[in-house]
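Every chain is named by a letter (A, B, C, D, E and F) in the order it is written, and numbering of its residues begins at 1.
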Amino acid sequence: MGADAMYGPAVTFLGVPAARLEDPATYAGAAAVVVGAPFDGGTSHRPGCRFGPAAIRTTDYLPHDGRRPHLALGLDPLAELSVVDVGDVTMPPGDIEGSLEALQRAVGTVAATGAMPVVLGGDHTIALPDATAVADHVGRGRVSVVHFDAHADTGDTQFGSLYGHGTPMRRLIESGAVRGDRFLQIGLRGYWPGPETLDWMAAQHMRSYEMTEIGRRGLDACLDEAFAIALDDCDAVFLSVDVDVVDPGLAPGTGTPEPGGFSTRELLDAVRRVAMELPLAGMDVVEVSPPYDSAEVTAYLANRVVLEALAGVAWRRRRPADRRSPESPLLQDRPGA
Amino acid sequence: MGADAMYGPAVTFLGVPAARLEDPATYAGAAAVVVGAPFDGGTSHRPGCRFGPAAIRTTDYLPHDGRRPHLALGLDPLAELSVVDVGDVTMPPGDIEGSLEALQRAVGTVAATGAMPVVLGGDHTIALPDATAVADHVGRGRVSVVHFDAHADTGDTQFGSLYGHGTPMRRLIESGAVRGDRFLQIGLRGYWPGPETLDWMAAQHMRSYEMTEIGRRGLDACLDEAFAIALDDCDAVFLSVDVDVVDPGLAPGTGTPEPGGFSTRELLDAVRRVAMELPLAGMDVVEVSPPYDSAEVTAYLANRVVLEALAGVAWRRRRPADRRSPESPLLQDRPGA
Amino acid sequence: MGADAMYGPAVTFLGVPAARLEDPATYAGAAAVVVGAPFDGGTSHRPGCRFGPAAIRTTDYLPHDGRRPHLALGLDPLAELSVVDVGDVTMPPGDIEGSLEALQRAVGTVAATGAMPVVLGGDHTIALPDATAVADHVGRGRVSVVHFDAHADTGDTQFGSLYGHGTPMRRLIESGAVRGDRFLQIGLRGYWPGPETLDWMAAQHMRSYEMTEIGRRGLDACLDEAFAIALDDCDAVFLSVDVDVVDPGLAPGTGTPEPGGFSTRELLDAVRRVAMELPLAGMDVVEVSPPYDSAEVTAYLANRVVLEALAGVAWRRRRPADRRSPESPLLQDRPGA
Amino acid sequence: MGADAMYGPAVTFLGVPAARLEDPATYAGAAAVVVGAPFDGGTSHRPGCRFGPAAIRTTDYLPHDGRRPHLALGLDPLAELSVVDVGDVTMPPGDIEGSLEALQRAVGTVAATGAMPVVLGGDHTIALPDATAVADHVGRGRVSVVHFDAHADTGDTQFGSLYGHGTPMRRLIESGAVRGDRFLQIGLRGYWPGPETLDWMAAQHMRSYEMTEIGRRGLDACLDEAFAIALDDCDAVFLSVDVDVVDPGLAPGTGTPEPGGFSTRELLDAVRRVAMELPLAGMDVVEVSPPYDSAEVTAYLANRVVLEALAGVAWRRRRPADRRSPESPLLQDRPGA
Amino acid sequence: MGADAMYGPAVTFLGVPAARLEDPATYAGAAAVVVGAPFDGGTSHRPGCRFGPAAIRTTDYLPHDGRRPHLALGLDPLAELSVVDVGDVTMPPGDIEGSLEALQRAVGTVAATGAMPVVLGGDHTIALPDATAVADHVGRGRVSVVHFDAHADTGDTQFGSLYGHGTPMRRLIESGAVRGDRFLQIGLRGYWPGPETLDWMAAQHMRSYEMTEIGRRGLDACLDEAFAIALDDCDAVFLSVDVDVVDPGLAPGTGTPEPGGFSTRELLDAVRRVAMELPLAGMDVVEVSPPYDSAEVTAYLANRVVLEALAGVAWRRRRPADRRSPESPLLQDRPGA
Amino acid sequence: MGADAMYGPAVTFLGVPAARLEDPATYAGAAAVVVGAPFDGGTSHRPGCRFGPAAIRTTDYLPHDGRRPHLALGLDPLAELSVVDVGDVTMPPGDIEGSLEALQRAVGTVAATGAMPVVLGGDHTIALPDATAVADHVGRGRVSVVHFDAHADTGDTQFGSLYGHGTPMRRLIESGAVRGDRFLQIGLRGYWPGPETLDWMAAQHMRSYEMTEIGRRGLDACLDEAFAIALDDCDAVFLSVDVDVVDPGLAPGTGTPEPGGFSTRELLDAVRRVAMELPLAGMDVVEVSPPYDSAEVTAYLANRVVLEALAGVAWRRRRPADRRSPESPLLQDRPGA
């Protein structure tokens, strides 16, 4: 083993090799490094996402052998990218500031090697250290953010604190780590936040796609537009996926479910597009709460979100001639076909 | 408090002010009054929707403060409409006739003030007293019904009785409270009722949209047509939403689930359209059965059905110049944008 | 009773008459015969589908009276087709080969009478005896296969054995029971199998529709194409429906869930189309695992898959003049309308 | 089949022969007749016990073959007593009075033949018709009642009605069907009823064993005392078992759980003693609510309550020389031992 | 209302009057004041006990009317003691120190009035502020602690912090708030802590009853001994009940379940004895985690723990002549008996 | 890692070192070796115990660090015994005979080193290879068996086969691996097997303690008697623990639950006594079925069964002077006490 686990036994994402954060040799050459952020001290309602990293790492029916050949893209992202897993950062739920600092150091250590940090949450509070550390590496203000979520997460404070899963996006923009006008939010809906916060968001020139707009224009058209913004005068993209962007009927294992969301298919397709079309420098997948899950369906979904993103990154790294179109007939052009 | 609860502690819908049915001063000025109908004595299969009112009132992760700013419409329906909650009508499960009478009196009392009754079921039997009381106020035969449901609920009898959740729509039309040719059913599917009942429905000139027709034509086109019928020579509309119109995979907490239904997004969008485009005089949301729910997803959905309807009503009451298009970019036209 | 059950009490599909496999008189005249295959000894991960036959037979809120009038098609398949149920084949989980032989004999006995076997699984291992027995009756190589599934099920071996739910499609083609180039797979996705197996599939000229292709082209267009292949130089069609083709958020009660699947509506519509447009000679519905289900939603779905298929078969057997278009308004053309 | 089911498919208790209430020949010679009372319209809180009869009949891992050799007593009650099952009485939840009348007629019909009615509930409201019908047959005031329950069920009214699961014991005594001073309640606890009702109970000379008394004296001593009272100047005994007498941690599937109850072992031993030592003329088992059960443990328990009672009855009918002591070593005195 | 809730709607313990901590007039005259401590930021494993206060307050099938007549003691503790509820202290999960300070202030405010604080947790971290505030009022070192728990909670640090649910008892003794040799632990078991911590405990002269000792000697004998220690040279007693002292099979809704615990009956009897026999000055009930509960059985248990304690306090406050023996026959000595 | 897992990620029992069966150096010096037997192909009813080994290995809230200091015995069995884990034997569910052979080889390999095999099931079929391999090592007929179970597992055949979880004890005795008159069964109850099988058991001079006998005599007295038999003219003892010996209310996660069983406390105490008082040569813990578990309580129980047994073994290996009495006060005789 080698990777430490904060809760439960030490395991790696689908069996990829374990690495140790304090020993860079263990992740030398890896294009992507998995980091567990088992923190739910920032959750405003149903907790449990401290068990998200373990669930996302292990929920699968296939062998945990570090291999995952992607059908539609015709490649194995775990093998091609040399993915490793450094285990969990210790993040005590009662110490939000200490936890975020520890995570930021860890993500920064990974980013410094040039590898893509893949952070498994944990509640969305972690997006603050995740994206900050990536921006610190790539360049502050040089990283666009693509943010799938039911909620804007731009609250000013939560329970009187600057930190919590309702505020990270405000902190990220306020600090200058990322630009408000390169912050793309997709999937918002419901009854939060109120006008004051929306005014703040507008003043930052954020671009937030509410579900009703997406419903009218189509998700792909919205993504086209968002991608163009993300690519404009930025060097890299950070992807933050809150599983609650998907409808809670399909992904019940989360803390603040908001009906009327994406289908799982929409999220998987969109994440894969992000990774295929944009220069990803880091990502996190958050808000998976196993105690509220049913038959592990939310954990399965989050596991696949990671795989789709990694597969897209691997595809993008290939020479164009070696890239398979995911929409072409599955067996087309294979030997013997 | 003031509002009584038949089961569990007394609480109001998301914290709106409590009122007392017997004291009209407590709901004077309210544009909408919530009434709990915790009755499942009319259920033909899985019971539990007696706990529906409590679940619909309280299932949310946001503060129960009587405030809900609607993102897409840019207004707060609870505040704008001055919504109050009169608690539960006492409806013993074993006394169906007495229960329906008590509910009809309560809804009639609310309607008489000009406020819109918002009845939280309970099983669909309650649509009979709900719509009757509204029609008695608006004018018998002057209220169209828009009815989202997997089932037609037009059975002649149930277990030998005239009353039950399979028969209310027949009783409503037979009694003359509402017109058959202004009765719009949307979302039907499955294997009930049989030819004899369908013939009766046809003879009443009901318009029932089965899912296969909706699939071919598109939901919005069907709604356009239905709305035109509803508005023709009628003064008001009663909206009855059975959560089982949504696919049971997305809304498992219900008694008679029929696969192949709406997505939650479709229902929320459709309900909002009803409230924005039609003159609503009353509504009920029925068949939420918490014992069969998973991670509260069905209760969340029903809570949002109420909010979408109220938001639409508030929007419609605004001057056109003050109405925000729900499909426009979320932050567009805000100060600073 | 009469029909034997391997687990639990003896019951028949929705109350259709019981028959006994060893007494052909009991199913003389039946157009479709239900056979239970309560086997999960071939499952590679979550078991429980041994309880699938009981769940599929009994999960409904309507009376178990052997009657099911289909709303959209305007006919009662159970009555029109004279459906009967011969109960379960005894299939000990620890004896995969003996179990498959017993099932193949049972299905062959049914097929020999000209009735359509409707096999309720059980894990997908059973497709091997199911389709083989039908092909033996219709003519080896003369039966096309339409296969809805998240997985190709074309593995070479599983846990070192030729038999298991990951390999039946390879065995079927290798044995010559069915032709690889008349094998239509719809709904594949995920990260299995690897290149070697895909090459084998291509070499058999199988046609496998991955979800990304379906997403781009539309399901109906893919079905049109697939149906044309299925009808080309073949005499009959075997339909194999793995419920995991549907998204696990909607159908959690299964063993190897793969996110990103069909909606229930898509599956029900597609199955009905298969039965209406193709000459069905047999079918199975597999991988329903009640221990992982939530509020019975997966069992409900599988029950409806059977009903949609039977309804389509009944519709196809009618004279064209007696066929109702499922997409026309529900009450149109009824007496009184 | 033959027996009708109100919900779900028609099945009999563990596969015993079906009989039809309206055809006495079908239960001629039966010493015990099972009657389903799928009624939960009298429940004051969590419903669901309408599905109790089906759960109690079918929850077992052994074959449903009408055979159950009892280990400790060395006999098969189903075979020795010739137990049959007449299916469910139709009891619409919304019609409490009509339902109780129908049940009373059914139980009376069984009792009139001299067979012991074994009524499967359903909520405890049914004890009123159950015990009344037995008393009408044996002689009013001539039947003692042994009542295992967490609650006294002696309320005056419930939701304003004379009928409900909180009032049957008062109705039974008031009507003169049974004597208050031959009414033995075992297992009471908690915070209901209040002083007025307790005074009424005392005035009837009821004997109610609260858990604290049982804890101090021991259950067997309490039973000894209760049995002596039951046998004093009475001709027969009616046994009424509410599963909530058992601790809700062990039997969660019930509507009004009160912590601090019996172990399952205590209940099974006590019920067996009742049947071995007292002249049982009828019994019911009530308040099993499957929607709240976990892994079927409450349904299993209720199924065994029926079996223990029937086994005790069969044992008591044997000649003393043929009675095995249940406490002797299991294999003692067997051939070969 | 009046009482604030941190999560969900504002409700009071079983409907007792609401009070406001900042307005002493609202709880003047109350002998016991309920305080919610919805904090799970100190949990080392499964979270969720932030929802404990709401669950403990509301889980009951009886009316929420602030009345609970205790059967065995023949009194109504809520009425006799004039119990009120001040709602929740705001305790953000990510700020353990700030949360504990806020709670200590609140409990101290209550204790200062002479009322008994009844704190509903929340994880066991809260015992530190709870007992400290009571000791500050009664006299530091003058309050004995009776502590029911599977775990000693005497760890030195947790995740590197002094605060957490594994360390409060050490902090309490170290600070001098309570004496180690008046610290009685009952129900310990399992595999934690190790020798070093046990040595520390021994050096404090704590008295810890492990389950094996309790099994041999009997719980009542252990309580007799513990009560004698508690009463020796102390002025009052603080009672801390961790529901995990009960076997997890009976009380699954908790975070760190350790098999082999009390029955629910044992805990309820023991708590009642504590309150009847010792001078209680404060109490808390902790570690109820609703997301892991089944059919609310753990919440029911914790609700009854509070009621048994309050009933015992009320009994003790009565003149001896007015005290009913809980073990005497329930109806004995009532009018008419 | 090193240890292989058949399902899910590779993990070891609570973090003990991994070993590889084919490399004896990896377990040299270990006194106990954990072997996973993830097989449920022999289950006659609810499956799922294929996931038992993973659940038993990992279900704990303490760190997975290979350390577990036992409170009552004052020792750490994992450290003292040098426990290692060789992972899972590959046991395909559909191949019962091949699976049993593979397991027997693995257990035999362990036993040959003198280490105690600790086999984690899996269904009870595995007791046949487990005990056979131990007997082959110790001496056929020289190993007594102590068997905790609700069921005798002495059926002649199951589904027509000699192998299955209902027959292993007959096979063990028939084969001569163990003696019938040294076979001690504790906890039997219910309605299986019938007279013929009981006669066979008696003829083998088995000693089977049914719950009614245990209830009358007390568990400790029965164990005293059983231990005397076990020690008479035998060299070692094999312990087989079926978790269904515990009441299903306390341990719902199993396949064939029989109400009226042990408390968890009774099982843990009894298992510890076995290990402290008898010369254990091997053991298995079987029938843990996670899909039917609730809040992991059954998995926790089974994990503790293993720990109690190992702790007893470690205790027994100590010099008498170093053995702590588990029933003495926990902190007695510690430094400082």
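Methods note: a contact is a pair of C-beta atoms (placed from the backbone, for glycine too) under 8 Å apart; a residue touches a chain by one contact, two chains touch by 3 or more.
Keep in mind it's a predicted model, so treat the numbers as computed, not measured.
Any chain bridging chain A and chain D, meaning touching each of them, is among B, C, E, F; the list is complete. Number of steps on the shortest path from chain D to chain F, with steps defined by chain touch: 1. Note on D-F: across the candidates A-B, B-E or B-D, the interface recurring with over half of the contact pairs conserved by residue number is A-B.
Relative to the C-alpha centre of chain F, the farthest chain centre belongs to B.
Chain B and chain C have Cα centroids separated by 38 Å. Work out the mean CA point of chain C and of chain F, and you get 41 Å between them.
Contact with two or more other chains is made by residues 45-46, 247, 249-250, 263, 292, 294 of chain F.
In terms of inter-chain touching, the protein chains here follow a pattern that is not a line, ring, star or complete graph.
Interchain contacts (touch definition given at top) occur between A-B, A-C, A-E, A-F, B-C, B-D, B-E, C-D, C-F, D-E, D-F, E-F. On the side of chain E, the complex with chain B involves touching residues 1, 5, 8-12, 15, 57-58, 64.
Of all residues in chain B, those touching chain D in their complex are 7, 40-43, 45-48, 50-51, 90, 92-96, 99, 125, 158-161, 163-164, 291-292.
On chain B, the positions that touch chain C within their shared complex are 44-46, 188-195, 198-203, 205-213, 215-217, 247-250, 252-253, 255-261, 263, 292-294. The residues of chain E lying in touch with chain D in their complex are 61-62, 67-72, 74, 76, 246-247, 249-251, 263-265, 268-269, 294-297, 300-301, 304, 307, 326-331, 334-337.
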